[in-house]
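Consider the two complexes below, in which chain A is the common component and chain B and chain C are the respective partners.
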Partner chain A sequence: MRGGRISAAAGILAAVATAACTNNPYPDRDAELPILYVAFREAPKTLDPAKAYTTVATQFNGNIYDRLLEYHFLKRPYTLIPALAAEVPSAVPLPDGRVAYDFELRPDLLFQDDPCFALGGDGRATRQVTAQDVVFQLQRVADPALASPVITAFGNIEGLLGFFERLGALREEDPGLAELPIRDQYARAGPIEGLVVEGDTRLRVILSAPYPQILYWFAMPFSAPVPWEAIDYYDGQEGRPHFADHPVGTGPYKMTYYDKQARVVLEANPNWYGVRHPEWKAPGATYPSEGMPEDAELGRLDPELVGQPLPFIQRIDFRREKESIPRFNKFLQGYYDMSRIIKESFDSVIHEDDLSPAMRAMGVRLETLVEPSVFYIGFNMEDDVVGAGGGARSRKLRQAMSLTIDSAEFVKLFYNGRGVPAQSPLPPGIFGYDPEYRNPYRQVDLERAAALLVEAGYPGGLDPATGKPLSLTFDTMDTSARGALVDQYLVDRWRLIGIDVQVAATNYNQFQEKVRKGAYQIFEWGWIADYPDPENFMFLLWSEMRRSRNEGPNSANFSDPRFDALFVKMKSRDNDAERLRLIREMRALLEEERPWIETFHREDYVLFHGWLRGVKPTGLSFPTVKYRKLDLALRESRRVEWNEPITWPAYGLAAVAVAVVLPGVFTFFRERQ
Partner chain B sequence: MLAYVVRRIAYGVVVVAGVLLLLFVLFFAVTDPNDIARRALGDKVPPDVIEQWKANHGYDKPLWPWQAADNLLFDHFRRMVTFDFGRSDADDAPIVDRIRRGIGPSLVLSVPMFAAGLLLGVVLALFVAFFRETYIDAAGVFVCVLAMSISILLYIIGAQYVVAKLLHWFPISGFDPAPDVVARFLAMPVLVGVLTGFGGDVRFYRTVFVEETSRDYVRTARAKGCGEGRIMLWHVLKNGMIPILTRVVLAIPFLFTGSLLLESFFGIPGLGSITVDAINGNDFSTLRTMVFIFSLLFVVGQIAVDVSYSLVDPRVRLE
Partner chain C sequence: METWVVSNIVVAVLVAGAVWSGVYVRRSEMWAQAARELWRRSPVALLVVSLYVGIALVDSVSWIGGDGVGEDTVALHEARSPIDRLFADFREESYSAPLAAVTFSGETPLLHPGTHLFGTDLLGRDILHQVLKGARIALLIGGVTSLLAIPLALFFGVSAGYFGGRTDDAVFFLMSVLSSIPSLLLLIVLVMVMDKSTLSVCIALAVTSWVGFCRISRGETLKLRELEYVQAARALGIGPVRIMYRHILPNLMHLVVITFVLMFSGLVLSEVILSWLGIGVDGSWGRMIDQARDELSRDPIVWWNLSAAGAALFGLLLAVNFVGDAVRDILDPRTLRENL
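Here is the complex of A and B:
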């Protein structure tokens, strides 16, 4: 009888344990809901659109804050389309070399519902978006207290930098000013001359000089309309969060849960113009009917998608995953809908540049995209040995060193082949990129390198002053074991032509200090585009951007009047034949001067499950979730199939434990008897 | 006893002050405010913005008192002493809010782990002590030493691979405080936490219990006809409680601080995870707060152990 009760209890326990055993990280009730599950690694520092400049913040903000303009989902090269604005404005020339852009906002735009709007009148849950809200946000970008990272770009707007200075000075003169409501503070600092509001929906943006790239900045959340009520209300007092943690926008989604250390949830925003006015068939609120030829082949232009009102997905559930292996395993279990490939699993996922049979059997799909980025080894052009001061001798040395680095091998060894060898600073997809171009100094040619060293006065890599191999220093910020391997590879390559390069691995700050003092010769760096324009790459070599003078991003301190003249002509032009000619001239100059050894353009590999559609990697940081669609039945059936708990090992383990212990117990008691 | 406690508190203040000073020196020896600002703002920001950020966070002040009266070291101590923890260097979030959010996940992990570890440790120790000098005892030693010898990282990775990936028993990582799913996220970290701790606990408790079983009162109880089970569960367990209590009381304050590795690897957003993030992100203001709290709790735990000794054992007098 007693044994029967024990057996029954054990049976019930086993049944409960089996039922409770599940690796599903989501509540069972969510299985049938159109929820997209996305992992994020780093907690965003801030969601304030005036400050947030990271990919992870854009992942959230981009869906919450609609901009005046946005990028076409499918077309490449990247093309701007209207979003909150009715049209993409054209430049209007003004006297004194100034330029204006006239934005006309769509009528009847609303902010998302939020308690902050009660500040504008009892019972109000939302209000209309006006051009003044865009101006207010640009004033915030110019607010010194916010330390916005993009003030330089928006500083092209006439009077914006003056506003920055006036507001800073006023706050210093009168510390009490900071206690006033933010709109009153801005009013005291006076208007920004280059932002002229006409009525509720018309905004004229005046630039003090031509800067066509400004339109790209209006496709980023920095310039999205923000309601003043949100700034006043979300002040961190009386249990209210700070505005940086509580976005209030106009986009297709609104935030409903925010614990940035663990989970963020966005829900479809019923106030979004795409939901309220599907009849407008606005380009940013309708699945596009045009794209690139491969889009049709890859099912991105299926009739089931084309012309449909957006968004398809009602909820986005972001879960924080700090470790890459668990994150990727959850993708393989079907709990994340898409993923990047982690280094550790690359060989099991990719076979001969395509998906492995195991991945294909799971219905996983692969998208690759060369990002608008460039990674390079740079020379400090102000150094006596490798820099411009050495004249032809140094130039030939740089050319020789460039001829030794095998980018294809480098990418294969250290990036699983995920990259395209670079021939110039411009990556694929950017105007001016030429797939046929082969930089003569970016091909591996050790014989020619040796000959150039002879011409440079370093025969066999020997420095005639010392009679020993020429000794150079390679400064790097990567102090990891992997970084040491990468550095060693480069050092070994240069050793092939007899040059002795010593690696000096330091942390970021020490490296910055060296850069400030000009105490460096060779370094490595990378750049990912803010916007798809050659100016955003070529300015990295403009003398105005020299790190030694202006602490700009030109870390090579390259300064060449010929290049500068070409750059200044190129930067403000439209993408025409003349601009292409200027870019080719700049490229030829860089080819010869070699301030950089361009190594590669990074390639992004994105995996997604067969139940997710409307996926196209962008390379640039702009959100595309609203274009995605889920097949829920397929997802649920695959999850069940892939994740059946295997319980027999538990019973086996328990049986072994009992089998080991029981004889001892019996023997013990028998002996005691 | 009061004088003893006051003296211990005074020592504790010195220890905490020393920890804070050491933290300040170490942190600013390996980094500087420019680095903190760069980490917070990213690589692309212009120098003016870096300067503004430093001014906003008070990092434009000189480090040491001999450089200026209004210095960073003074500010560091003032903030800690007044519990004005300020905002995170990484994201400007109020640190108090973050602690408030993190303490819940830390406790829901650490309390069951602590309770299950204690229960399992005591039960297994009683079991192997009961069967002392048999092969069950020897097997217990083997299993315990094995458990103690394996790194916690191996437990974590092994559990994630075998239990979660191959057997599909629990989620590989993550956390959701919703009552219907929280248990499935906690099962594996609790299991790993118990496994990593039970070896040492069982060995320690077994030693205590075996020592107790050789005492006169046990022989007397046995002579009076008391059963072995009752001797172990009633007499030995009760008398073995004093050393067990030491371990338990010392561990209790750290239930609040969370587990650095378990929280980090299993994605539980507790205080341990916040600390790891602060270390990785050069977030000095958060890190100093967490270290300050850890050191305070450590000092409190030490004093509590001493006081609890005297409370449960009248023979112990605090002078």
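Here is the complex of A and C:
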């Protein structure tokens, strides 16, 4: 009896020490399958395409909801290609300055299989996608109950805002309305004049004024066709999930498992048009054959990729990883196929702007890309000291302060050098960006700054009213230790010219309160493009977007009639020479007025393993998973190689345990005798 | 009045107070003996504590202008302490290891090679300078909080113990309520509600830490009020306030001293935890440790920031605890009987 127990224990120990010794987080049977493993950090709040506006939501939604248009995978500057639509429409001018776009949907598009389609009768599992489904989704964007964040952009569609108001008023009048099926509610509110459905596949979108950027909005999940059945069926009642947690789309993948706190699985959608109609050779369902010169060099135009039907990968397994270090370690062990570089490991991964020898030996590859983003320090232009009210005096102060901030050093200290010093709001890759342009006020020149301060009436930074250094406040809501260091860096720079900037670190709510009251002088902010157009950056300084008046994103409250006039002309033009001229003029104006101190455009460093093909960082948040291809044999062999278990500590520990226990056992038997 | 003037006045008052209490201790037989005993038991700890106090006092004296402020125009118009003046114009560009001659990231020679005893931080600021400045913050937090919490605890404890009945019920209810709220949560809420400043952190710490001593002083008062001389005083018709002041408070003084010393280290530690949560006091050791969080997981590791702040904190707390133990042994009547 006793002997049996001892041998059982020894058996378990031996089993632990030898057989089951693996750190593979995935089931063994999955090793043979083309599964892409991706880590995500934040659980998405909602996957409703009318509302979801976060990168993580787009990571899922972008693969599930196909749009009418999408971006070319390889071409830069970003180019639109047709996806669900057969062609990229061009603007048709209409009388009274209106503009129309005619979308022709592909024939025979199906939604993914889903139980909700049983609502349509005869127990079917899917149904055809029609232009009406696009209209339905745009009605949802205009639904006040959903509070979609993008209603302003789609408000350019004629009658969409009217629909918003009518629906809101109806709901207020008749509380019973909300109980009706969603299509009946929308029918009661009447049509949106600017969305005309002609047959099953034709949709005419009419804008009340020219707004060429609308096409970019049709490349985002906000305008993806959504079946009304899904809204009625997935209402969160009787054990059914809510639609926000159960997407039903038309894309290359469909969601088969959703636990947003832990794991999300997408599987290839057999109903996708690319799978059902490979003979179409649709641009959104075929690996592209042309790209930029560097794409050929980097193997993105290799014959085994070009012209192949998409998607290559059958399943995407998203795992939630809250901590960055374990996530990166799993990447190094081969359990994630790609990863961003984490700050902590930067120095060991990157040597002199290239991969370290150790990384290269592992076959890891690096892609860098300057994101279409801009980070800046802004002045509140409605402040008396730094704002427009102070006239030339304040302008010179802003210019002097701009001349002291060293973006290159800033990026080196806080972002491992991952960023391009900014000269204007426009980042690389956006029309109007000029790599040769040097903003005279964005070069470090302390002498010139001091001279400007003298002209501004603050010689040596001294405020004549008090005889002390000019005291300004810098409001920040980043209360972390790291944030404090960033602020300290800026403050120290400004001290060099004798300006005493005090940091007021407040929490988010207090900061919002300050912003509402206009009680702030200097702040820091960043912007990442929604779509690749200069309008998406310049509107941050448009007076209509002032935070103080319209709660807009123009937190600098910059308001200059000259700028506004140029902006209004620029925003509705196509990318031509005149537009470039307007942008140059706006740039010159900003250069002089300095509502912002542009600091840098962020650079993204993506690492991926040698077994993954078809990777190109996008900068914009659009999904490219369908272009990726895995070399499974290589992945498996590398995983085995990199995760060779080190068994001697287990044996050593077992030996120690035996050495400790044995004398006791001997004593026990001796005593018993 | 400007803060630096207040700070200078406080230093003057503190120094005067120290001299006065020195004289007082010499005159009183009992306290003089206790002081001698303390010195005999833990001279090193006492010296270390005095060193910290000395640094804090020196750092609290400041004036505008004069020599050694450096080239910074703003600093010319700011009150600078002797310690700040010692470290003026003593910066590097970024990290450098202790006593290194080149920067941490590359081979660029430092501006002040081999002189940064504890290295420099991300912004190139000298760590030794920051560690020295942290002493003032630590002592300020410990001192001000004790100054707020102990009188509060004494007031409630003594009145509850002396009057009993309804007063006792009320105070006990208050204490029970306070101690049933998780103190860390209460701390965070208080700091968030008040503005983030040294004083508000002190107030928050005081609110959460007076209950313990209040309990002790109440119990002690319950005992004292039944003693013959208190009853005699009451029989003579002396008012309760006078009795408390003349007969009860002096008999609690040894407890006050013991509590002060023991509470002190707890308070400094609490501030470190608050800093870790991002709501501490700027310039404290806790803040330095918090900043060093990223540096530890960095590769290659930057260890000197954390180690310097941690060592300074450890040194102070260890010394204070030694002194605290000695003080308790000497002043507590129960241990007094055993030891002497």
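Criterion: the second predicted complex is superposed on the first by the 640 of 673 C-alpha atoms of A that agree within 3 Å, B and C clash if a C-alpha of one lies under 4 Å from a C-alpha of the other, contacts with A are read in each partner's own complex, and residues count from 1 in each chain.
Simple rule for what comes next: a contact is a pair of C-beta atoms (placed from the backbone, for glycine too) under 8 Å apart; a residue touches a chain by one contact, two chains touch by 3 or more.
Keep in mind it's a predicted model, so treat the numbers as computed, not measured.
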For this session: Using the superposition on chain A described above, determine whether A:98 touches chain B (first), chain C (second), both, or neither.
Result: neither
For this session: Figure out whether A:461 sits in contact with chain B (first) or chain C (second), or with both, or with neither.
Result: second
Exercise. Where does A:183 make contact in the superposed view: on chain B (first), on chain C (second), on both, or on neither?
Worked result: neither
Exercise. So, does A:499 touch the first partner chain B, the second partner chain C, both, or neither?
Worked result: second
Exercise. So, A:315: does it touch chain B (first), chain C (second), both, or neither?
Worked result: neither
For this session: Determine, under the contact definition given at the top, whether A:325 touches first (chain B), second (chain C), both, or neither.
Result: both
Exercise. Given the touch rule stated above, what does A:166 touch, chain B (first), chain C (second), both, or neither?
Worked result: neither
Problem set entry | Chain touching more of chain A, residue-wise (chain B, chain C) | B
Exercise. Thinking of the overlay built on chain A, is A:75 touched by chain B (first), by chain C (second), by both, or by neither?
Worked result: neither
Problem set entry | Contacts on chain A seen with chain B and repeated with chain C across the two complexes | 325, 507
Exercise. In the complex formed with chain B, which residues of chain A make contact?
Worked result: 20-28, 43-46, 53-54, 144-145, 147-149, 151-152, 236, 242, 244-245, 259-263, 319-323, 325-327, 329-330, 333, 335, 507-509, 512, 530, 551, 553, 643-647, 649-650, 660-661, 664-665, 667-668
For this session: Please name which positions on chain A make contact with chain C in the complex.
Result: 325, 343-345, 347-348, 409, 413, 460-462, 468-469, 479-482, 484-485, 488-489, 492, 495-500, 505-507
Seminar exercise, completed: Counting only contacts in the complex, chain C reaches chain A at residues 72-75, 77-78, 93-94, 105, 121-123, 192, 196, 278-279, 282, 287, 290-291, 293-294, 297-300
For this session: Name, in rising order, each residue of chain B that touches chain A in their complex.
Result: 30-32, 34-35, 38, 40-42, 44-49, 52-53, 56, 90-94, 98, 101-102, 105, 131, 134-136, 139, 160, 164-176, 178, 180-181, 183-185, 264-265, 267, 269, 273-274, 277
